[in-house]
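The block underneath contains the structure these notes are about, expressed in structure tokens.
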Amino acid sequence: MSLLEVANLGISFGGLKAVDDVSFDVEEGEVFTIMGPNGAGKSTIFNLISRFYKPTSGTIRFGGKDITGLAPHQIAPLGIARTFQNIELFDHSTVLQNLLVGRHSLRRTSFIEDMLFLPKNRREEVRHREEIETIIDFLDLQPYRNQRIAGLPYGVRKVVEMARALALKPKLLLLDEPASGLSVEETQDVAYWIEDIQKDMGITVLMVEHDMKLVNQVSDRVLALDHGSPLAIGLPQEVQSDPAVIEAYLGREEA
Amino acid sequence: MEVIQLLLGGLANGCIYGLVALGFVLIYKASEMVNFAQGDMMMLGAMLALTFVNHDYLGWPFVPGVLAAMAVMGVLSFALDKFVLRHIFGQPHFAVVILTIAIGFVIRFIAGVIWGHEPLSLENPFAGKSLHFGGLVMGMEDAAAILMTIVLTGGLYLFFSRTRLGVSMQASSQNQIAAYYMGIPVKLVYSVVWALAGILATVAGVMFASKGTIDPSTGLLGIKAFAAAVIGGFGSLPGALAGGLIVGIVEPFAGRYLLAGYSQIAPYAIMLVVLIVAPNGLFAQMIKKKV
Amino acid sequence: MRILFKRSYGVDIRLFADWQTFAWYAALFAAVLAMPFVLDDYYLGEVTYVLIFSLAGLGLMLLVGHTGLVSLGHAAFLATGAYMDVILIERGVPFILALPLAGLFSGVVGAIIAIPVLRLTGIYLAIATMALAIITEDIIVLAEPVTGGVIGLTTPPIEIFGLEIDRYGTPKLFFYLCLAVVALVTLFYRNLLRSPTGRAFTAIRDSEVSASSLGINVAVYKTLSFGISCFFTGLAGGLLAHYLGAFNHETFLIITSILLLMMVVVGGMGSIHGAFFGAIVIGLLPPAITILREYFTALTGIRMTAIPGLDTGIFAVILVMFILFEPMGIYGRWLKIRTFFQIFPLYRKNMFRRQKTFLKTERMR
């Protein structure tokens, strides 16, 4: 049984089929990349898995359990975390506070206990902060710990976005274009981090990405999409040399 | 027969609410600001008209007086946007709401200082005249209100969809920075929109004043017009009018058939029901955002 | 310049960052405790009024400043608190239970109303709450057998363990009672903010989408915020009932709701201090205007007859000034002044400069 099983997933907006009969499985411990030109439906698939959209057809199973009918807030407690293409951080809070929100699904206190702030709450707060520190260490965010998001550079914000997703202690991490807008060095950092996430933390990664170098460096398998339909699925080399994929990306050669 | 009589009475009121609601929607469509002071602007416009027309003030003839009031109000609204609202350009909507509420208070206060708090009436050519048809009676001022509303709504609808200024207003409200890139003088456009809204408010005010008396607190009627705009859905001009008509028509029926005390909350109750059933109004304009 | 070295997580978590901050607040609290011995009864009454409105403001601040939900109808919950408190005491419930129960009642009513209303966003929410406030005015009159309709109710005196506390008879005791309630609620509020619940509220304010992707059930938390907010405001309503001695539906008009919101904005949105600053402005403005008017008359000999609506008019002008020039409110200005002194001479005018934003339509969500 694969960690994530997507079967015949489809969604239409009005008459437009944004995602059309897409099926793929993500095995535990692998890095699976979805690639395709803009508008191919990649982020839509993420939004379907996060349950922001309701599919018109198909099912999604996570760890054998059918999650197609769940509400968006029920996804995180299952161990699925995601980042957003257009960063959706909490601008008025500090980096630390953003990461602490990431731990919400792991809380053990009720709102009444919070209001009274019993010793149990204090212990829990310390526990949350200790676990957050591991992530801050991992992603080198120490200098930014107490700074407000609103003043941080774009590259740092993307890292915080990833950190917040990791704070969830996910089994599956959905990365939506982690390298978009980053410089060559920053992209290389992302590659190293993804490798560490996979090997040291044992987290399965499902990624949407355009940057071919990054895709080839970290991916175990790739799915190519075009106009919502799957084109090819397999090892990175195989998919990139698939004629249908080349045609979708580069256009057909004039006869 | 009685039903139709009630209907006619409510229709004229509905047109006035509709005109005020149109002002709201106009500003909202152009700048996505909600102008809580629209009702008070209506009151101010009516007071200005009174100052031009009434014999204890300037004593001008009715039409030039009203036109003068419209011009003054247009300039005042333009200035209001240019000098006051300019500063909160780009700030979250909430700040605008509070600001316009506060501006409404200030307008009411100044009006109270200038014109006092006694109810005043506008001398108008409709007073006492009425139309009779088929056993029904309609006051002349009501008929005038309905006519003006139809003309104005139609005009505005065409303005927004056909003219360049109208289209650039819509563009400015949907994406400011893109509008700038397209060469639209966004700030000027906004001020013009406010001037238009001020003129609309004046017409509504004159219509209202013709039916009875006004005093500085008349602006609170704006809240009912607000309910109307909400019922119609904020992004739609015909919706605003429809909302106004609904509120205007429900009022006399509620007053006649419901117990006293329940009738004045009818418009708000309807609004709440509409909001719960169709959270963006009946003629909504919300689209889902791509994340 | 003061640099804070943090050596444990406790420093982040505790209520006061360092002993100097604690010392300042302790001194402030001591000064407040001493007020009944320094001020005469009239001014003590004014300060009590400020305390009660701070409490109402705290409730609204939690909802508006920290969860991002605009309510233009909070006076309705002042009303539920006031009426329920009196109704319970009249039926023999001791004050010490009646007040919290009145607050709880307001909280529950708030949560119930919240459920359908919180599907609405931004401006529609504000309008819906305003409509609720208007409807509440009428409902109070309609529910005459319970609320005394237009005539209203007279508040029975407070009795705690045999000790009678009355605003006019024992103003010092009444002041301390209000102070105790406000202090307790402030503590609860601060506790909420430094725990997952409070962070969930702020998350909802800043990005509902990512909040739900992190496991926060947005609908439930919005309702919770509304409920707690109405609980605080309901407590204020109960205290207000005892302050006024008698009240009817005119005490809780739509204008009161609007004033509450304006108060919260002037004080400084998103901060607990803001509720207090705003209440100070709104509470001390009328007497301040009276004093100024008398001074003006004495100075120039011109008699300024009382202009009706002057209080609200001036308050509105102050509000406009704040929104235009100091959107962070009084607390924001205070922060800037304090930072100026703390990091002198390194303070630069642009430190707190807001990023220039362009309007992006909210019609796409």
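Residue numbering begins at 1 within each chain, and the chains themselves are lettered A, B and C in the order written.
Keep in mind that, in the parts below, contacts are C-beta pairs under 8 Å (C-beta built on N, C-alpha and C of every residue); 3 or more make two chains touch, one makes a residue touch a chain.
Being a predicted model, the structure only gives us computed values, none of them experimental.
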item: Centre-most chain, if every chain is reduced to its averaged C-alpha atoms; value: C
item: Remotest chain, chain B as reference, centres from CA atoms; value: A
item: Geometric centre distance via CA averages, chain C-chain B, whole Å; value: 32
item: Whole-Å separation of chain centres (CA-atom averages), chain A against chain B; value: 48
item: Euclidean distance of C-alpha centroids - chain A vs chain C, Å; value: 40
item: Two or more partner chains touched - positions in chain C; value: 209
item: Sequence positions of chain A contacting 2 or more other chains; value: 52, 84, 88
item: Contacts with 2+ other chains: residues of chain B; value: 291
item: Touching residues (chain side chain B, partner chain C) in the complex; value: 31-32, 34, 84, 87-91, 93-95, 97-99, 101-103, 105-106, 108-110, 112-113, 117, 173-177, 180, 223, 226-227, 230, 234-235, 261-262, 264-265, 268-269, 271-272, 275-276, 279-281, 285-289, 291
item: List of chain C residues in touch with chain B within their complex; value: 64, 70, 116-117, 119-124, 126-128, 130-132, 134-135, 138-139, 141-142, 209, 254, 258, 261-262, 265, 307-310, 312-313, 315-317, 319-320, 323-325, 327, 356-365
item: Residues on chain A engaged by chain C in the complex (per definition of touch); value: 50, 52, 71-77, 81-82, 84, 88-93, 96-97, 100-105, 107, 109, 111, 114-117, 121-122, 125-126, 128-130, 150, 164, 168
item: Residue ranges of chain C touching chain A (in the complex, touch as defined); value: 9-10, 12-13, 188, 191-192, 194-200, 202-203, 205-207, 209-218, 224, 228, 270, 355
